[in-house]
């Protein structure tokens, strides 16, 4: 039994099929990359996994349990955390409070939540801005807050949607380190990223989609050499 | 440390008030003030903390008042029983409403609350045979003295403010604010937003309903236009919340005090100050001014609303740092 | 000597301010007349006006203030029924007499409040004259009752419905509406289909004129249109409805043409008011004017100026005023309620004529009403 | 059958007036995102302008359109410029502050008018006030027929204005992304001011047309504000064509409700539709018609 | 032709730029490099007038842009393609493009420029009736660039045009930037894709914590030890 899998997911918006039959399996403990041209349906796939959109058809199975009919918050409680491509900080709360709110999904008392939040903040390296209001963080800080918050919900499976976009190469290296650290901590990761340097370095396996349909799957090297991926996505430079 | 004492000092002052000031009139104003503390705190919970702005608080207020009133009218029991029922009646209105309308966001939700209130107002007016329609419900007040009412109101105010305080420093409070800041993000953090919005609404409806039944008991008379009034209840509740400070524990207390005082001040021509001046100076222009002021008191009130929002968009407690800087030239340490 | 303070609660601002203002002026006119004649017991009377804004809670605050801050021995005024209903128990509990001059809610004087008196008839008594007119002259078989959904509308339409039962008139339809509707055609189309002999309407002034105007547009032809006081007697009604106002009857409590025997000074009050303020007055003003005299009369007779003594003096009132004879009696469930006849007036040639009861009529009632098509 | 037809006609004609009220609101609320709880009060002010022109200068209400509309345009401009625009800059917890501001403005307008004109009910009677013509046995009010025609004309005009002109496009662009509009060279403050002015002028038109068949008093604003909301939500925010549909639907629903349920249910019918549309057809008729 | 002298910019109480100076010459591609939050976007906003510097000056062909109201800046040919594209989501692609040509000279040439833009991005012609909000990320970026071109820019400022684009589109965007430059438009570019932009540009400035700390030609900076370490991840 696969740890996590999606089966022929389909999502229509009006007449448009944003996702049109995507299936993949993720093994426990791996970093699984999801790539594809803009508008190919990656974020929509995440939205279906995390319960924001109900699939038009298809199934999402986590640890043997169908979850695609569950509400978002239930999915979080089951142990699937996510970040948003368009970041959503809780603007007028401090960074710490942002994370405490997340921690409450696992614990009930203030003291426990604070402790959990602190740990998560330290782990993700946000201690220096702990008491800053979330809205005054720059983009990189906000992206990191997304991860920190998701981590405070103690996910077994973490969905990262372009958390590295907008970082310069040096910052990227830090981001890669953090993601690896999270994986080493025992969390399985599905990651969407357009920056090849990131996705190729950290993914164990990569799944490529185009127009909502699978075009390739395999190790980074295999996918990077795949003709369909090169044509639709990578362009000649990366070949 | 000192800051923590303020509420206690305030409480002591309030507890001693009717013993020191025996004037009925001031006691009456204080009872209104305390009632508005309750309503303001309730509104602040759903709107200020949870971000679901209600323009229909009167719906809950009226339900509470009518629960108490109808109980007394039909069953001839004391309207104080309505105190228990009033909060629950408001809940009974709030639940189906929230269940349906919480799928709306922002301004749409606000408009829906407004519509709810209007429906209830028309409904109570039309259902003459049950509610006595516009004839209203009249009961004999229980106490001649205001002091018992005062302490009941004080008790309610203290409990409601305390419960806000407790709530917002715990899990639900964090959840409420998260929902206000970003509902989608909140969902992804494991927050059952619908449940917590309902919880917040329940809190608000309950306390507003309680305030409504207090009103029935204390005033002895209600009719649909009084208790389901957009301006006098719903908007006033918002003003209390906004003037005091949205999303602050003691904001509504400050707001309630200011709004009740200001309203009465405008109504009574600055407590008769201008009339007094006109009489002592005998000056015609002062008399004319006094006349204009008393006639234009609602205008003054409206202007005040406009001014407050322009100058103190986050209320007195919310903008306290700004006020300190501007008015007292004190800079709070960063 | 110090003047004696008398408290007056009136809607001086807000949507009812128009009448609050008329009443305030009438109070002041009466006050000046009384003070000019030496006041009471060598002391002048001073009026302390409080604005109730037409809202019961404010009205209550106002009465509380008058009693506990200004220490007035008696409060009068009270325009809206809701304000009166909320303020009366306060007066009763604080044991300071409250002489109501306008608020018409029946049950205010049905609760046995010892300190509450009312000069004007209650809402349910407004149709009295109409009733006797229907009995004596216009013997109709069917009626439709339309009323605004207000305290006054609901209670007096109910009273008229009962009168109809008594007279054997079949009520084909009784329907309320919220004041301020743009279009009464849905209502009137139904009325037209019922084709009643009588249309009874309790409406405020411009709803009244819209009802009549639109009845004309739809060509509805009952034998008579009757208004239940409120809006149909005001000049604005005639101005706005124009020729459509002709033939419309209305109940009223007072007209300036009433006989001096029972209504001493009615005409004089009317003329003085007009001369002084250059504007019209009507029964509300007369109520206020009379009320001032009733209070002054009690203050003259009272043993002392304590509220208790003033109350006792009020209870013994027996006098005639511009608004009619005043005597606070108990009848039915009511206590300390003044009982007055009501009148029927009709718009004839653009003027409001008293047509019923016969002994006070200025013109003969024009009945039945001609069809719209038969009018000029 | 006659009853039914008569009611249909009455509802339809009233709907025309409602549409005019709604177009103004849809501009302000849908296009600019301002929830304006003073809409009815602004209409009331326009009605007083018309009243004054008629009773002191004998100006026919239809002619006074040419005064009332510009006058209210100016009033709208002042309100937006000095009262609403400053709020956009202020950082507040609740965006609803702006809503409350319009409540305050509504109160001030009502009270200022009351101060000047007292609470009296005023009416303007013209030769066409009660004028009707009959088709078969169905009566048509002339004044309402004219109002209906003008409403349709304005809707069409506004529709093309918003779609086809640079100013119209700038208005829509400002509504969607203020900063981006600035980058495109749009003076967004001016745009908001103009839009609010336009919305106000349109409701002024509705008010003026209403004067001959209705009456004026200071408290008249509130109920009309409520109606404006219902119409706008029914029609779909920002949709001018929707406003016509919304207006007529509300007019018809009210009339039918008033006839077959009872006049006292008139308002409840409107409110019920409002809530139902909010819940089951979010986006209103715009969702169906796509314009 | 564009010279920024010593500007300080703040958001309320928070100062973000401290005495930033640089210049852009005719027909150059100039790049601003910097870490997240260094103040690159803020600099562009200051030039296009959305933010006003609290001191210092911004001159374009001798005109004090810092004294020009923000909505007039585009009229001088200084055009800003903002971060995250900022299209008018509910308007069609064509309407979005038209919104770029409100100024008088641009309006006069609207038809021709539209043809030119469609020639540059045939994809946009295909989608011209579609609401911009429903375009894919890459199409949106094309639309945003097209909208900027519609204003007949003399200086075109791009804020992270490659952000969130698929690699194949990143290539395309850089190609387009080069082509636009060849058409005679001066370009000021902010990019995180430091390697590629440094290779492309004429000159570059490095911003750190709101201050310019380094500048030089692309190849100079590429060879700089600090840049290598801090921005190229080497």
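Going in written order, the chains are labelled A, B, C, D and E, and every chain counts its residues from 1.
Simple rule for what comes next: a contact is a pair of C-beta atoms (placed from the backbone, for glycine too) under 8 Å apart; a residue touches a chain by one contact, two chains touch by 3 or more.
Values in this document were obtained by computation on a predicted structure and should not be read as measured data.
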- Query: So which chains count as neighbours of both chain B and chain D?
  - Reply: C
- Message: Suppose chain centres are the mean of their C-alpha atoms. Which chain sits farthest from chain E?
- Response: C
- For chain A and chain D, let me know how many angstrom lie between their CA-based centres, rounded off. 47
- Rounded to the nearest Å, the gap between Cα centres of chain D and chain E is 42
- Whole-Å distance, chain A centre to chain C centre, using C-alpha means? 74
- Item | Inter-centroid spacing, chain C versus chain B (mean Cα positions, whole Å) | 35
- Please list all residues of chain B that touch 2 or more other chains. 122, 125-126, 295-296, 298
- What are the residues of chain D that contact at least two other chains? 93, 114, 264, 267
- Task: Mark out which residues of chain C touch at least two other chains, giving numbers and ranges.
- Result: 13-14, 149, 176, 178
- All pairs of touching chains? A-B, A-E, B-C, B-D, C-D, D-E
- Query: What residues of chain D sit close enough to touch chain C in their complex?
  - Reply: 3, 6-7, 10-11, 14, 17, 114, 118-123, 125, 129-130, 132, 139, 141, 210, 213-215, 217-220, 223, 254-259, 262-264, 266-267
- Query: Taking the complex as given, what residues does chain B use to touch chain C?
  - Reply: 23-25, 28-29, 32, 122, 125-126, 128, 133-136, 138, 140-141, 144, 215, 219-223, 225-226, 232, 264, 267-268, 294-298
- Message: Which stretch or stretches of chain B touch chain D in the complex?
- Response: 47-48, 51, 53, 55, 100-101, 103-104, 106-108, 110-112, 114-116, 118-119, 122-123, 125-126, 180, 230-231, 235, 238-239, 242, 246-247, 295-296, 298-299, 301-306, 309-310, 313-314, 318
- Show which residues of chain D lie in contact with chain B when the two form their complex. 35, 83, 86-87, 90-97, 99-101, 103-108, 110-112, 114-115, 222, 226, 229, 233, 264-265, 267-268, 271-272, 274-275, 278-279, 282
- Message: Quick check on the complex: what are the chain B residues that touch chain A?
- Response: 169-171, 174-175, 177-178, 181-182, 184-193
